[in-house]
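As structure tokens, here come the structures.
Paired with chain B in one complex and with chain C in the other, chain A is shared by the two complexes that follow.
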Partner chain A sequence: MEDNTPASFVDQLVVPGDVVLDLSKMGNQTIKLGGGLHQDCDAITVTKAGRLRFSKPNKYWVESSQKRYVPCVEDTVLGIVVDSKADNFLVDIKGPALAFLPVLAFEGGTRRNIPKFEAGTLLYVRVVKANTGMNPELSCTDASGKAAEFGPLKDGYMFESSTGLSRMLLSSPTCPVLEALGKKLSFEIAVGLNGRVWVNASSPSTVILVANAIMNSESLSVVQQKIMVDKLLQRIQ
Partner chain B sequence: MEIGRDDGRTANQLRPLACSRNILNRAHGSASWSQGDTKVLAAVYGPKAGTKKNENPEKACIEVVWKPKTGQIGKPEKEYEVILKRTLKSICLLNINPNTTTSIIIQVVSDDGALLPCAINAACAALVDAAIPLKHLAVAICCCLTESGYVILDPTKVEEQKMKAFAYLVFPNSAISIIPEGSSHMEGELMEHGIITSVTHGVMSVDDYLHCLERGQAASTKMSAFLRRSLQSQAPNDSSRAG
Partner chain C sequence: MRQIRGEIGAVAKADGSAFFEMGNTKVIAAVYGPREGFGKDGETHSYWSENSRVNYKVENRSQQISDQALVRCEYTMANFSTGDRMRKPKGDRRSTEISLVIRQTMEACILTHLMPRSQIDIFVQVLQADGGTRSACINAATLALADAGIPMRDLVTSCSAGYLNSTPLLDLNYVEDSAGGPDVTVGILPKLDKVTLLQMDAKLPMDIFENVMQLAIEGCKAIANYIREVFDVKACVASMVICLVLIFSTSDLYMGIFLDSGIGGHYNCSFVLCNIFVKKINRNPQKQAPSDGSTCFYGKQKWEELLISTRDES
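Take a look at the complex of A and B:
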């Protein structure tokens, strides 16, 4: 019933336990496995339910949306400061372990100008190291050492969503919800890949409208999103 | 020979199954599973940092809390917690998130027979909803032996009380595989025909137990197809995704 080619399961919904690749039949290629796949000798099995994706030349992963986050290097996330130690801030990024943000990981950071973050400060940070079993490490600079919009986010409103919604908001071309909202309202937004979104605008009603529109748009198609945003905007104008 | 059951089902017929996921807002994963009138709600929180005192810090730890519908928590609830913990530990991949704890909370909404299998099914669906990495899914079924020696599946509470013996059996789900059937033979037993947990009450002969296992195995393929459909039908809609 199944044809034994790897393409037969790509773009299909899979559940944990499904064997999707057989390495003994694939010769001497190098393949890269992303999230949701686990290698068991020669068979690659699925560990999370979702859709199997393949990107040329050799990357396989399972796409799924959940409320918790699995830290990956070079992801930009929104973290909340929980505690501060001598060398690091302890930051919660909705992952299995608390993340460390070194006190010197800021542009022009020296021992003399260490920022003071209280518990509860919202930060836009980048994940530098993410190994299993270790606490992830963060940084408030980009790879070349510049500040580049990282750092504390003041005012505004933060709400939690799923990782799938965050990825949709950050996809290119621009997500239809953000495009439709951006045509009529002016606001600023920071999306963390760990399922947190921060919105800021000049008036609280705009903030509430944008937040509600985004939260409702997760399971809607492109056209439905535009219709939903139009209806919300009609109500306030 | 057909035996008459109170609600008109045949010996091998299961009650109507219903499963819904992501029903609790604050839980990281949640599911409700109902078989006829038995309904159980499961919530998963985690993985969270830290393990308990006596647990191995190199592996993830699973903690189960069972909340009955009424009454205080007593020995039967503790027994269910231990059985669930061992079953779920064997289906989770514990090496992926070492030194973390995942908590699973089971709330009994209504009990009409086959409570533990319903709870195992709900817990498995909740673990999938929380994206905890699993080796495979678990499908649980209750088989009982009547006084006259017939094996019936999925009893109601009234039928359970009249039984000579019953067994709760948990099987791994039937997975779709790129490897053709038969190449994973091991000593005559196909890999997917394993059994994860078996809890028995009462007295039955070995032949009757093996008969229960066969019937349970056959029913588990049907339940596993249902579980796969319900997990897939609630997959996120990604037609609006670009690239």
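Take a look at the complex of A and C:
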């Protein structure tokens, strides 16, 4: 429809249907398209509402935050065991299909020492295969075969949030909420890219405080997050 | 066209949800998915999952499509939505027909081949019916699908138009609809300029029909522009709510409410805060009228002093 220069849409909010690039005007470049974009002959249209991002030299993608997760390879997620079969566990990772966790995908896993997970166990796992149309495959080891903190998470409290919040918590440098909380409280936290976060601390009030602080920090800027955490901590002390 | 209003995130539990108003017609839509579409015939399967501990009745395995997502849609009207309380809000012929129509419209624009063997559920409920419920449902479903992050070709917007007393009318309400003239409902993909829904009851001559349809398409484009703004506002409202809370946070009462609202309730949180805000102002009408017309904020101690002094006066 209208011709839009790519610069005008980058870092803007886009909705499904917006044509953000017109390949016929771009010359002979190779463009890499990430999530949320779809090619329709010469026009690149947006399929998910979010912000359009661009990284040099030629990558475009839409950054959006949803409650549902799209499985990608090498993502670390928190899954809940739904069922166990002979060869693998069925794990729910909030994606379009249940994921399989092979029974042997643990450090030092053999047929003799298969772990027994009941339905409802929370696991910290890594996505190994994620093709459309197939159930994703998971693993409780890292790429070299070591356990590396993967596996069941005991005690603590798990809550669900959006994928955007998970990405913010895992960004580097450390997210301001976690930094401000970490200065005063001691707790451990596991963040899954599928929108699930697990918090554990010595006392329940700390757990609730951390969980509330994280849930409220989604749309705040850096300064606002620090102020919010300070106010919450004042109520405790 | 009547006044329209749309909001995202009305249902906290759903993956995507929206509330849409066209004049007096109010509709709420919730989208679940894409999620696993599986199960044997007629078996109710319940599985433990934090967000969806449901016994949801699963489809026959034959309905699971191997290369596409399955889109299901259910349209219901609340008992209290029409003038007379309704006996059977779903399962009657009109609801089934409208469910089918909405499903076909949304399926045309969702990129189903990206999510094979999964299912997407759209639930639309009419809270108040005043004509144009079909269009309001489609607009609400579009907002909810975009909120859930389901890949779509384009937004689908819909509007109805009619022809009464030799004038084309846009966005009929119940009175105009039951006057006996034709009712044309059009659903389009605004950027791609394609029609996904076209329904009409009664008869119209061809040339007048073209005028009426063109009018409906313009109404749809206006709704599409508005929906685009709703997404921009979604990002701003959240930060506004937090600023209000920070101002109130000198008082412990409001801090407690802020903590309870959680993340799914941008809508609820702002509603609650506005209520409190209004009550605070109303309770204090004569005391220290603000000099420049703006509102004043009091800390908890000052608030108690004012309460005590008003009690002493009365």
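The definition used in the following text is that the second predicted complex is superposed on the first by the 230 of 237 C-alpha atoms of A that agree within 3 Å, B and C clash if a C-alpha of one lies under 4 Å from a C-alpha of the other, contacts with A are read in each partner's own complex, and residues count from 1 in each chain.
Assume a contact is a pair of C-beta atoms (placed from the backbone, for glycine too) under 8 Å apart; a residue touches a chain by one contact, two chains touch by 3 or more.
No experiment lies behind these values; they were computed from the predicted model shown.
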| item | value |
| --- | --- |
| Chain C versus chain B on the shared chain A, clash or fit after superposition | clash |
| Contacts of A:63 with chain B and chain C, given as first, second, both or neither | first |
| Touched partner set for A:212, first chain B, second chain C, both or neither | second |
| Partner chain in contact with A:9 - chain B first, chain C second, else both or neither | first |
| Contacts of A:228 with chain B and chain C, given as first, second, both or neither | second |
| Which superposed partner A:98 touches (first chain B, second chain C, both, neither) | both |
| First (chain B), second (chain C), both or neither touched by A:82 | second |
| First (chain B), second (chain C), both or neither touched by A:172 | first |
| Touching partner for A:41 - first (chain B), second (chain C), both, neither | neither |
| Contacts on chain A seen with chain B and repeated with chain C across the two complexes | 13, 15-19, 36, 38, 45, 47-49, 64, 66-68, 96-98, 132-133, 162, 218-221 |
| Footprint of chain C on chain A - complex, ascending | 1, 13, 15-19, 36, 38, 45, 47-49, 64, 66-68, 80, 82-83, 92, 94-98, 119-120, 132-133, 158, 160-162, 165, 196, 212, 215-216, 218-221, 224, 227-228, 231-232, 235 |
| Residues of chain B defined as touching chain A within the complex | 28-29, 46-49, 93, 96-100, 128-131, 133-137, 172-173, 175-180, 227-228, 231-232, 235-243 |
| Chain B-touching residues of chain A, taken from the complex the two chains share | 2, 4, 6, 8-9, 13-22, 36, 38, 43, 45, 47-51, 63-68, 96-98, 132-133, 162, 164, 167-168, 171-173, 175-176, 218-222, 225 |
| Interface residues, chain C side, partner chain A - complex | 15-16, 33-36, 38, 47-51, 66-67, 69, 111, 114-118, 146-155, 189-193, 227-228, 231-232, 235, 238-239, 242, 246, 249, 252, 255, 258-259, 262-263 |
